[in-house]
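In the two complexes that follow, chain A is the common piece, with chain B as its partner first and chain C second.
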Partner chain A sequence: MQDLIELLISATAGGCIYALFALSYLVVLRPTGVINFAVGDWGTVAAFGGFLALSEAALPWPIGMAFVIIAAFGLGWLTERIAVRPLVERGAPVLAPILALLGMLVIFREAVSVAFGPDPRPIPQPFGYGRIEFGLLAASYQSIFIIGITASVFVGAWYFFERTLAGRSFEAVALDRRAAALMGINLRRVTSFAFGAGASIAALAALLLTPNTSAHYLMGIPLAIQGFTALVIGGVGRTEGALVGGIILALAEQLTMRYVPIAPGLVQGVPLLLLIIFLLVRPTGLLAARGASA
Partner chain B sequence: MLNRALTAATLVASLALACAAPLATAQSQTPIRIGIITDRVGPAKPYAEPVTLGAVFAAREINAKGGVLGRPIELQIEDDQGRPDISATMARKLVDAGAVMIVSLSLSTATQQAQTVSLETKTPHFTPSNSGDTLTTQIANPWFWQSGPLGSAQVATLLSYARARNLKRVALITETSALGQMTARSFREALQRNQIEIVAEEVVPGGATTAEPQMQKIRAANPEALFMAGVVTPENVLMLRAYRQLGLKMPILASYNMSVPVYSSVAKGLLDGIAFVDAFDPARPEAKRFSEAFRKDSGTEPYNLHGYGYDGIYLVADAIRRAGSTDKDKIREAMQATRGFVGVMGAQGSTYGFADGRRTGFDTNGMVVRVYEQDQQGRVVHTGSR
Partner chain C sequence: MLEVRQVRGGHDRADVLHAVSLDIAPGETLALLGPNGAGKSTLMAALSGTLARRSGTIRLDGEDISSLPSHLIVSRGLALVPEGRHMFSPFTVADNLRLGAIRLPQPTRARLAERHEFVFGLFPRLAERRSQLAGTLSGGEQQMVAIARALMSSPRMLLLDEPFLGLAPRVVEEIHQALDALRSTGLAMLLVEQKLDIALTFARRACVMVKGRIVLEASSAELAARDDLGELYFKLARAATRG
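Take a look at the complex of A and B:
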């Protein structure tokens, strides 16, 4: 039983990472309609920022984390200015910015590879390698830290989108860009903020993950795929869908690995199978947008 | 940074070629072109880059001593991005450019594909770093050789080291890269040949965020030892973290990948007691001389991967010298006739050679086992596979 509880906590922590990447997609997707596959490599750049701030400069975790997240906001803003806005203003089809962002993905990855070389770089654990054991409950400090921070981020995101005027303006732009513009909402500002916030969320996810895995220049694409899968499972209509999708995906992965007697190589196919099933059975995801029918 | 270093090293190598000692005739000044296929942006980059730096250093050293057959050697370096299709294209490009030998430093799968070109064009082709057992068995290519330590030699050395433990039940873990799978297959076959039961066999997928489910299964199977066949550093770090996190105690016997020094920083606090197989004995006189020369030349400390590239170019230069010409047929014969070649890699006293028609040149008793002590690679504790 302790094994199961330990695994559930570990899987929830892994699901939180996927959920944060799904949220990064969502924050950009809702007001712009653009699927940004560069989220994983925003995370890569941030992970190496974390290496500089937390390992090289040895800044305290809260300060180093804040520094990287703020810098990532600038990176997201810059990404929008370089790769998206010029295309939107020239009336390019919706596929054009998606392809441009794929190009940015390669640029980010190679820039990191040239600047830092191919070897992984360490990020210190904020609370060391210790673990809590209390009765049947057993979990690493890092898992609990990841779950706590992610819960705070999702509460904040929910509050922003549901309870603030600025968040409502995102919703309005998502529903009808033209009408939102006519109502006085500054589309450029909303779009820039969406990219900045998306990059900050991806940066946070990377900072939470890399103390376990190390920062590596090829880490972005798997995270982008897992985040996208989580988004499809949870649905793009509601913020909490990203969280639900991420946790379901991680639970499916880890419980299958642990308890289902299939060849280890086949376990990797489980998330993709899940993705196909959700696309076929429930294309809007588990949580449909309010007022929408599945 | 390493890319810049590599570019700089290549430029310096070119300058060294240009400034090579005056040679007697215009003919003798024509460089001997050796084609290198490396991976500068793909998954093999962390390994291909130091191997390539070692190769460039060797070429510079050879040219400083007068070259081969009185001519300087010139390395034409091409990037295959770790992709088999591009690797074959690059091999063809090198053949067209007049390379007398192709040296592959990329992924094993890419090297395999490039063999289709060396076989077709009858161009000598060699890899000093790939360790996949199947490179010389899947294609009957008399133009191809490898001198990297095979996966089968790695596990044989580890089993020899662990013989005193009289292992009966072990676990095996790897990751999903092609080489990781190939190494695991070599490990599995050797364990089965030795009647050692594999009670748990696990795979950590690329890009995973944890290896706890796999390590829980291993813990539940209660093996006497854990064999780690993974060759990708981030996934190996996940395995080690989960091993420590879950309080596992059985000894770890790891592949040669654990001999890369980056583990001392990315897996700090997780390494003590891990036994790993290596092809580099820092106490070997040739290795000491190489390390000093490389350090003096580049200002950086070399490690085993640099040594593979270094030995590779010296092996090729030796074959060309013995061939007495750049005729590809003669180079092929000379390469196959290589015996007792002393390089910087391998245990003390081990040599390279392709005796009895073999095309794998690393001494099967040339690997060593070392143990991590205080997060640093410790001394050699065992040598050979007997």
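Take a look at the complex of A and C:
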């Protein structure tokens, strides 16, 4: 029993990472309509930023983390300036920036591989390798840390989108670009901010993940797929959808790995299988958007 | 107040507007008439800064706004109520209005309250519906929200693109009265309308646009007195093709 609970907690922590990547997709997707598959490789770049800040420079965790997250905001902003804005302002179809961002993904990955080589780089655990045991409850410090941070990020994101004027104007841009412009919403600034925030969230996710897995230049693609699957499962209409989708995906993966007798490598197929099932059966995701008829 | 000179432009390569010029004096209401596809809405897009490509000069109170992006045009005091209302349907009426005030100069609490009071005074129905989702309102109420939303930014010049389109006569009357009240506050307005009768009772002066050009400018009284009013667009369109 304790074993199962520990599995569930660590799966939830893994799900939180997917949920953060899904949220990274979502903050860009909402106002711009662009699906940005480069989220995983924003994470890769941030993970190596974390390696430099936390392992090489040995900065204290909060400072190193803040440093990487702020730098990632700049990276996201730059990504938008280079790969998205020139296309959107020339009236290109929405597929054009999506493809340009796939190009950015390759650039990020190869830049990291040139700079750091193919070996994984370790990142220290913020609280060491300790565990909490409390009755039946058992979990690593890192799992608790991941779940706590993710919960607060989602509360913050929910508050932003639902309760602040800036968040409402993000939504407004998503609902009707022209009307949003006529209200006086600065479309450029919303787009820049969305990409910056998206990259910061991806960076946070990478920093939470890599103490367990190390930074590696190929880590981006699977994260991009898992984040996207989480988004599809939860639905893009509501912020909580990303969280629900991430946790469901991770539970499916972990329980398959534990109880289904298949080769460990095949577990990587679980998100793809879920992705196909959801796109076929429930393409709007589990949580329908508010105001939309189900 | 508003000075438009030689404005050209369009959504893609082909020009829809061909050297359009017009003037609106402070506090004046001008009707812009013309048949479907004359370029009236394109001109509105050019004035509000949402047209992809435009050239020429647009001055608001002497300041050149022709190269400003739309959000800065709103903060300079020019607001557009677009054709088709463009509600943020899943948002409440209150949220729609709050977004309209996003460029309100000095958006203090008192100033916001004053704007709310102003638009609820104009459309008392909206006060009752403030927590209702905009998408669930009737067409007429949505049009009221669209006008109120534009007024939240405290504009000096209001552009209205076919605000009466598709509304029941009773609602047309209600909105007409609200616009009359607005005019008496000294707000300058440009009303785009296809139907001559509505426009001519509302504005003192009218411009007729055909195929992207202003082809006729006259006082409403002059226009209303023409006996060929029924076929005016047709005649003007034919003249524009020949000329």
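Side notes on the structure shown:
Criterion: the second predicted complex is superposed on the first by the 286 of 294 C-alpha atoms of A that agree within 3 Å, B and C clash if a C-alpha of one lies under 4 Å from a C-alpha of the other, contacts with A are read in each partner's own complex, and residues count from 1 in each chain.
Please note the rule applied: a contact is a pair of C-beta atoms (placed from the backbone, for glycine too) under 8 Å apart; a residue touches a chain by one contact, two chains touch by 3 or more.
Quick caveat: nothing in here was measured; it's all calculated off a predicted structure.
Using the contact criterion defined above for the overlaid structures, shared-chain residue A:L209 touches chain B, although it does not reach chain C.
In the superposed model, A:A181 lies in contact with chain C only, and not with chain B. A count of residues in chain A touched by chain B and by chain C gives the higher number to B. In the superposition on chain A, A:A96 contacts neither chain B nor chain C. In the superposition on chain A, A:I17 contacts chain B only, with no contact to chain C.
Contacts of A:V114 after superposition on the shared chain: chain B is touched, whereas chain C is not. In the superposed model, A:Q226 makes contact with chain B only, not with chain C. Legend: residue contacts after superposition of the two complexes on their common chain; A:Q268 is shown touching chain B, with no touch to chain C. Applying the stated contact rule after C-alpha superposition, one finds that A:P122 touches chain B and leaves chain C untouched.
Touching chain B in their complex are the following residues of chain A: 3, 6-7, 10-11, 13-14, 17-18, 110, 113-122, 129, 131, 140, 209, 212-214, 216, 218-219, 221-223, 225-226, 250, 254-255, 257-258, 264-265, 267-268.
For chain B in complex with chain A, the residues that touch the partner chain are 1-4, 41, 43, 45-46, 49, 176, 201-203, 205-210, 212-214, 216-217, 220, 233-234, 237-238, 241, 244-246, 262, 265-266, 268-270.
Across the complex, chain A meets chain C through its residues 91, 165, 168-169, 171-172, 175-176, 178-188, 289-292. Within the complex formed with chain A, the residues of chain C that make contact are 12, 48-50, 52, 69-71, 74-75, 79-80, 82, 86-91, 95, 98-100, 102-103, 133, 135, 149-150, 153.
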